[in-house]
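Paired with chain B in one complex and with chain C in the other, chain A is shared by the two complexes that follow.
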Partner chain A sequence: MIEEPFATGNSAVHNIDPRFRVIAAVVYSFAVALCYGFVPLITAFAVSAVSLLMCRVSLKKVLKQLALVNGFILLFWIVLPLTYPGGATYPLGPVTIHQAGIAFAAKITLKSNAILMALIAFIATMTLATLGHTLGRLKVPEKLVFLLMITYRYVFVIAQEYQKIIKSIKIRGFRPKTTLHTYKTFAYVVGMLLIRASERADRVYNAMRCRGFKGTYYSLTDFQADAGSWIFLIIVFGATTAVVALEIFLRF
Partner chain B sequence: MNQKEPIIKMRGVCFGYSDTAPILKDLDFDFYKGDKIGIIAPNGSGKTTLFHLIMGLIKPSCGDIEIFQAPMKTEADFADIRHRIGLLFQDADDQLFCPTVLEDVAFGPLNMGKSRKDAIDISRRTLAFLGLTDFENRITFKLSGGEKKLVSLATILSMEPEVLLLDEPLMGLDIKTRSVITRALMEMNSSYIIISHNINFLESTTHSTLTMREGSLIADDQVHVHVHDHAHVHGDVPHHH
Partner chain C sequence: MHISEGILSGPVLLSGAALAAAGTAIGLKKLDYDRIARTGILSAAFFVASLIHVPVGPTSVHLILNGIVGILLGWCAFPAILIALLLQGLFFQFGGITTLGVNTLIMALPAVICYYLFAPFISGKKTVAVAAAFACGFLCVLFSALIMAAALIFSEENFLEISAIVIVSHLPIMMIEGVITAFCILFLKKVQPALLSQSGQYKNGY
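Entry: the complex of A and B
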């Protein structure tokens, strides 16, 4: 299920015009993603961490989200030092550890965490519904916005349908085992879920047509950019410029 | 509009997913402005199919449909009249698709070309009429079943349709929500067709009841012989007669 643990709050960041936050997050993430030097990456990491602290969201929940991504990054720490040649080498039993591999893994870690923290700070601090309307206002293609909104709305319904099916097989004594019967049952569950989702989609579309839907989705939200939003954008662009400058002049 | 002419006219309409077992067969139906009709018929007899045919969501395999004195042939014909007829779906989850209640209620009016301000105004009025004043910023999928049903009704009423088609509007609802819907229908003075299995509800909201037999609509005299209303205020308290 989609939880939105950071969406509600009353920090300075929460009150900034969502359009400005989306633009800031996109520009900043792109800049950081294209950096290779340690100095710009460490700077970006610090900038993102400070932004995140300014949102005054639960650090415990943030760490939980970060842990999820860093679990994947751990794989790089296992593979890269052994396979990415370059720099000094350290023999370790039957394998060799390369210095360049360690540096590469460290950069990936810094980069991913910097971008993720910035996205939590700027984007996760708004509801998905707000994000949808914001993207619409920023001229993202209507179909994509629509896809996001409808997915958000119906993922819960599909999850409920799934729970219903699971309950109905449980009350009839189904216990998963390594048998053909088990595989067949799971195939039925998935198949039934697809059929129900597709029928649901037809009914929803019909209901929308009955209410005069002709392909255009009108939004009720009105966005207001105040002075704070402009100051925020200037600060983020300033930080982005600084990171880019460090990348150009201090890269090593 | 000529009061004598039916606003929904169906002649010899058939519909079926296979030729051997048609759902609707040679159905004739006239619906006039001001009519309040109940349809009470067994499951699978084609009631919902009838509503979907009127809305043009499915196309008849034979016969003619005329709505507001215009022949309905193509999707474009139906698209022009859909906002004048409000169909309430059986399952409220089919009807509510916007994140918030206000957006969902304003969806119809916005599609009809109303300005954002007018759409919000009429949506708020509709929500207030159904006793949902504080609901506008609630998240649609987090509402209870009864609340979802009332909001669905609001999304239809906000388009100010000339005819309402209500498909089992009371199904699965508690007494309080049922009474809100009954009261709303009695106050509205609108034309409507209600599909329901609840005889008392149809008795208090409609003028006549039809049933379906062999794919056709027929007057249900049987129901009218049986139904009588009587107050039974303490019916839920154990008592002797």
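Entry: the complex of A and C
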């Protein structure tokens, strides 16, 4: 039900210090998000695609995920050509297609996929546990990191609980349809899930207290910035600068 | 319920991130260490519940449940939803880094608003509680859709039609969320009322 398909691997990217990857991903993503020209966006798309290839993750899974995520973008491809004024127009039956709308939809698609591929390449290539420790080192508030860790720890457990509940309602002959009964049943499933989660939370908290929990998850991971990590950071910052420069000087 | 990467403009992304950071800061301040384990595990439960697809005619929609998140967690909805979105981003690539702030705001701000509007009625009589819960689930999604539409329009004035589509397409989801929130709150009131009354303890500084 829930998995981290790209988290483990043994590529050049997987071995880079996670702190460097998080910083690189944040800086790069925001720089790309602020670009509007075709040249910088195509460059960013290429940079992200190459980074992704270097991770040696399953391309089939990547494409499947990206296809799902592009659903919302599809709406822009349908609506923008009809409503975004500018450029040449082409009559198509009762409506007109605006060239500027097509161009804008294409830019959105490039930008969106460039940012998401960077996310997969730089951050989805570490487990959430590693990400938590990394964020802790990067001075993200301790409580937030702890919340992330404990949510990650229990999301799989709760997913199992959910599957148990679903199995039991299926055994009793439940079939989802568009009826009030279906909604009521799902509401009770959610309610039951919350109750089990809450009871588990009490047990977990008591167990943590018994073990002398003082509000910190100690990280035993020793982050080491080797030469490779510095080279990675310089390359990503270089690419970011190039994209921004293209946006400023070659915008069209 | 979130906006994809690459659509919003810089000022919208940054103001969304700033507001989400402010909300998260308030949430974290109210969240003392005794409650973190509970909030985290409930956040995990909401994450799993948001994977549930309910049928609507020939298609299906997934649950959002930010109304119930608001009622149960109050201001802590901000950090809880932020974490849930981060998990969604990493597990399914639904949204990346730059939209994290805006998307947190879209879901968490209505949750907090609905907490203040409806939480006092939830512990009341059954009929009042059901009506309040329905309104809570319904309005929470409506507010989310409105913030989403505003984010789109502030980014690009030509997104007017898309914003209209976003709001209209969420109308059936509002109904479903209202119904599910009402039944769910009723169920919790019957089976474990303590879960609901604990939200009141936030008000007393618990």
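As a convention for this text, the second predicted complex is superposed on the first by the 238 of 252 C-alpha atoms of A that agree within 3 Å, B and C clash if a C-alpha of one lies under 4 Å from a C-alpha of the other, contacts with A are read in each partner's own complex, and residues count from 1 in each chain.
We adopt the following convention: a residue touches a chain if its C-beta (ideal position, glycine included) is under 8 Å from a C-beta of that chain, and two chains touch if they have at least 3 such contacts.
Bear in mind the structure is a predicted one, so any value in this text is a computation, not a measurement.
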*With chain A superposed, do chain B and chain C clash or fit?*
fit
*Determine, under the contact definition given at the top, whether A:W77 touches first (chain B), second (chain C), both, or neither.*
neither
*First, second, both or neither for A:R211, with chain B first and chain C second*: first
*Examine A:Y152 and indicate which partner it touches, taking first as chain B and second as chain C; both and neither are also allowed.*
both
_Let me test your reading of the model: by the given contact rule, A:A129 touches which partner, first (chain B), second (chain C), both or neither?_
first
*In the superposed arrangement, does A:L220 touch chain B (first), chain C (second), both or neither?*
first
_Partner chain(s) touched by A:E4 [first = chain B, second = chain C, both, neither]_ = second
_With both complexes superposed on chain A, which partner does A:R200 reach: first (chain B), second (chain C), both or neither?_
both
*Please determine whether it is chain B or chain C that touches the greater number of chain A residues.*
C
*Of the partners chain B and chain C, which touch A:A114 in the superposed model: first, second, both, neither?*
second
*So after the superposition, what angle do chain B and chain C open up at chain A's Cα centre, nearest 10 degrees?*
70
*asked:* Once chain A of both complexes is superposed, is A:F174 in touch with chain B (first), chain C (second), both, or neither?
replied: neither
*Once both structures are aligned on chain A, how many angstrom separate the closest C-alpha atoms of chain B and chain C?*
9
_Based on the A-chain superposition described above, do chain B and chain C contact any of the same residues on chain A, and if so which?_
128, 149-150, 152-154, 157, 200, 204, 208
*Using the touch rule from the top, collect the residues of chain A that touch chain C in their complex.*
1-4, 25-26, 29-30, 33-34, 65-66, 68-70, 72-73, 75-76, 79-80, 82-85, 104, 107-116, 118-120, 123-124, 128, 131, 141, 143-144, 146-155, 157-159, 161-162, 176-178, 180, 182-184, 186-198, 200-202, 204-205, 208, 215
*asked:* Considering only the defined contacts, which chain B positions touch chain A in the complex?
replied: 52, 55, 57, 79, 82-83, 85-87, 89, 91, 93-100, 102-103, 106-108, 110-112, 116, 119-120, 140-141, 155-156, 159
*Footprint of chain B on chain A - complex, ascending*: 127-129, 132, 149-150, 152-154, 156-157, 200, 203-204, 206-214, 216, 218-220, 222
_Show me the residue ranges of chain C that touch chain A in the complex, using the header's touch definition._
3-8, 10, 13, 24-25, 28, 31, 33-34, 36-45, 47-49, 51-52, 54-57, 63, 65, 68, 72, 79-80, 82-84, 86-87, 89-94, 96-98, 158, 160-162, 165, 176, 179-184, 187-188, 191-192, 195
